[in-house]
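This is the structure I have questions about; it appears just below.
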Amino acid sequence: MIFLTRHEHFNAAHKLYNPKWSEEKNSEVFGKCANANWHGHNYELIVTIKGEVNADTGFLMDAKLLSKILQEKVCDVIDHKNLNMDVGFMKDKLASTENLAIGIWNQITPHLPTNVKLHCVKLYETPSICVEYFGE
Amino acid sequence: MIFLTRHEHFNAAHKLYNPKWSEEKNSEVFGKCANANWHGHNYELIVTIKGEVNADTGFLMDAKLLSKILQEKVCDVIDHKNLNMDVGFMKDKLASTENLAIGIWNQITPHLPTNVKLHCVKLYETPSICVEYFGE
Amino acid sequence: MIFLTRHEHFNAAHKLYNPKWSEEKNSEVFGKCANANWHGHNYELIVTIKGEVNADTGFLMDAKLLSKILQEKVCDVIDHKNLNMDVGFMKDKLASTENLAIGIWNQITPHLPTNVKLHCVKLYETPSICVEYFGE
Amino acid sequence: MIFLTRHEHFNAAHKLYNPKWSEEKNSEVFGKCANANWHGHNYELIVTIKGEVNADTGFLMDAKLLSKILQEKVCDVIDHKNLNMDVGFMKDKLASTENLAIGIWNQITPHLPTNVKLHCVKLYETPSICVEYFGE
Amino acid sequence: MIFLTRHEHFNAAHKLYNPKWSEEKNSEVFGKCANANWHGHNYELIVTIKGEVNADTGFLMDAKLLSKILQEKVCDVIDHKNLNMDVGFMKDKLASTENLAIGIWNQITPHLPTNVKLHCVKLYETPSICVEYFGE
Amino acid sequence: MIFLTRHEHFNAAHKLYNPKWSEEKNSEVFGKCANANWHGHNYELIVTIKGEVNADTGFLMDAKLLSKILQEKVCDVIDHKNLNMDVGFMKDKLASTENLAIGIWNQITPHLPTNVKLHCVKLYETPSICVEYFGE
């Protein structure tokens, strides 16, 4: 069993806002993250897959192919977008890093080759805050 | 002459959009940076001042005091904000990294002690793109 | 189950020194880390908690609140201090990164909300050396 | 149980090339990584060991001793070398990051003290691609 | 006057070898960098241009366009190549970081728009060694 | 003219303390940096030299030789030491980053080959604070 990790980058606007709550409660819970006119981040996406090394290639999976999947299924959908307004797989979800990591897991997992399993989606929102999701 | 540099961080939403142009021209010139619903970044701000070392303190300037000025005059004004909508000193300016670096220079310079001079405002918009402004 | 990680920084002086040993034995075992007049480090503290996402906030826990706990219970106690002389929770312990990581675990764990569990304390002493403690 | 990690660096030339395949198939599978005249990388090696803290030293293991083992058994053998041509433990293996991480595991594990166990060999080939091997 | 910087990455094999010298002298001068079977690096290329901000775009130059020039004129020519054997603009030159930085300057400068000037080519060969060239 | 830069690391304890002042004034001016029992840092030293490329080697100067000078004249003297008590070239000086950068300049400059000139000593005290000295 070997683990292969690929880093990708995207940026997006978002706000933290629960539509069931008043403005005041949103401000109280989310502070400046609830700013009505949005704020944004450079996100660093770190995806780890696992499986057996292929004897003919020496690869678990070609990292360039993994990158292509992450670009098409995640970055092309999110990059330079508004997480609350523009991203189908985040619709009706709070745009937290936790929910975004889970959403990205669900975007990636159907598109991986059958010989590998998705192990971890790690997502940095800022250089000081990250979330990891292992699928359960 | 010695140079002292302090790093600070903030994040913000913005879009690149010239109001004198049509939607089409904005899209053509700015690409996905013109996304109507905004996108955003973690900015890294790197400010350098210069002057003589004070013989009693060994300091050009207390780096904690420099940090306090940057927090109050820049980060508190920009952090978790929309550069196009929420930031007074960017009003009526295109929200490019170039213009933001110049705007930050103008925010800081009146508040520095008289024995130091502002040397450079360096601003990373992403880990791969930065701008430097030396005040002229 | 989701994992949330927060990075904090502090710096401190220390020496590696076993008071049951002679100067010679301390020098032999700890080398220049036993320097009688101390040396020091910028430590990077990386704390991971785990639990379920709250449906109303999208958060495992507000990262700002986690940061506040780390500041009050760890950084305010250690930062700009001497680990051997000034830090109550390191009293009578060898000031190694291993013991410091375990001590930080014990400082944090009583103060976390009941819905989250401390998963890992990771502590970089230099950019090339780190320790991880998982509580058992 | 505590985990101690040490970072080391080396650089090397390699190509991805399966000698059982034609030039065309190698190019098709490995792309520019199959360049006949080689390419190369700065590798970052991150090795984690685990075990109990020694009460007399506060150490799992002296990080300087771990570094010495990594230098002698890995870096001195690989650094500034050609992975396909110059490195005994990679002979007759495809010079992928996956196989290199496994080879490094096998180089290190016989030389560790009996009170520690090798936990993970993590190997960055570029800042965006890494492999982890846990020995099984 | 404003300065805009763009980071790009490539990797390559090379050796340091003066064909006018004996094997022995090459080994003596260049040490393990003269390894006959090559070694290699991940290079980080950091290019800075300067000029006036365009009032209509807020840009010195579109950073995506600068990136496109660097990709086409530098990375596509060097990436995953052997600097001594495969790269036209390094032919008959010692493959040092100094000469590579100067060669990259000459590759880029004819392709920049007339309103900007190339200011600096900075090239990291390893995370600890870099060269800067300012064109004179 | 080409510029070559080399990064080195060391760590040390220090305190900021002016012996001409009372405890109270030291505390007031230097805050927690005046802690009587010391604190410490991992310093990152970044030294840039300049000159002409040698046609036979392609080098401004062998970066390994530059590193050897920095190790012998700076790191061996400062690393794992107390800047206020153990370091000859800092005797009777306030142990600020500014004074340390100037002291390092004076340590290095007599030992460089005659064909290169010292251009800059850049010294990070923390990842957020650095000083640059250009020798005048």
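As written, the chain order gives the labels A, B, C, D, E and F, with residue 1 at the start of each chain.
Rule of thumb we're sticking to: contacts are C-beta pairs under 8 Å (C-beta built on N, C-alpha and C of every residue); 3 or more make two chains touch, one makes a residue touch a chain.
Everything numeric here is computed off the predicted structure, so don't read it as measured data.
Counting only chains that touch, the fewest steps needed to get from chain C to chain D is 1. With every chain reduced to the mean of its CA atoms, the largest distance from chain A is reached by F. Homomeric contact chain C/chain F is classed as same-residue, with over half of its interface positions used by both copies.
The interface at C-D recurs elsewhere; of A-B, E-F or C-F, the pair that shares more than half of its residue-numbered contact pairs is E-F.
The most distant chain from chain B is D, comparing centres defined as mean Cα coordinates.
Between chain C and chain E, the centres computed from C-alpha atoms are 41 Å apart. Spacing of chain B relative to chain F, judged by their CA centroids, is 29 angstrom. Residues of chain E in contact with two or more other chains: 127. Inter-chain contacts, as defined above, occur between A-B, A-C, A-D, B-E, B-F, C-D, C-F, D-E, E-F. In the complex of the two chains, the chain F residues touching chain B come out as 16, 18, 20, 29-31, 93-96, 98-99, 101-102, 127-134, 136.
Those residues of chain F that touch chain C in the shared complex are 9, 11-14, 32-33, 35, 37-42, 79-82, 85-86, 126-127.
Of all the residues in chain C, the ones that touch chain A in their complex are 1-8, 48, 53, 56-60, 62-64, 67.
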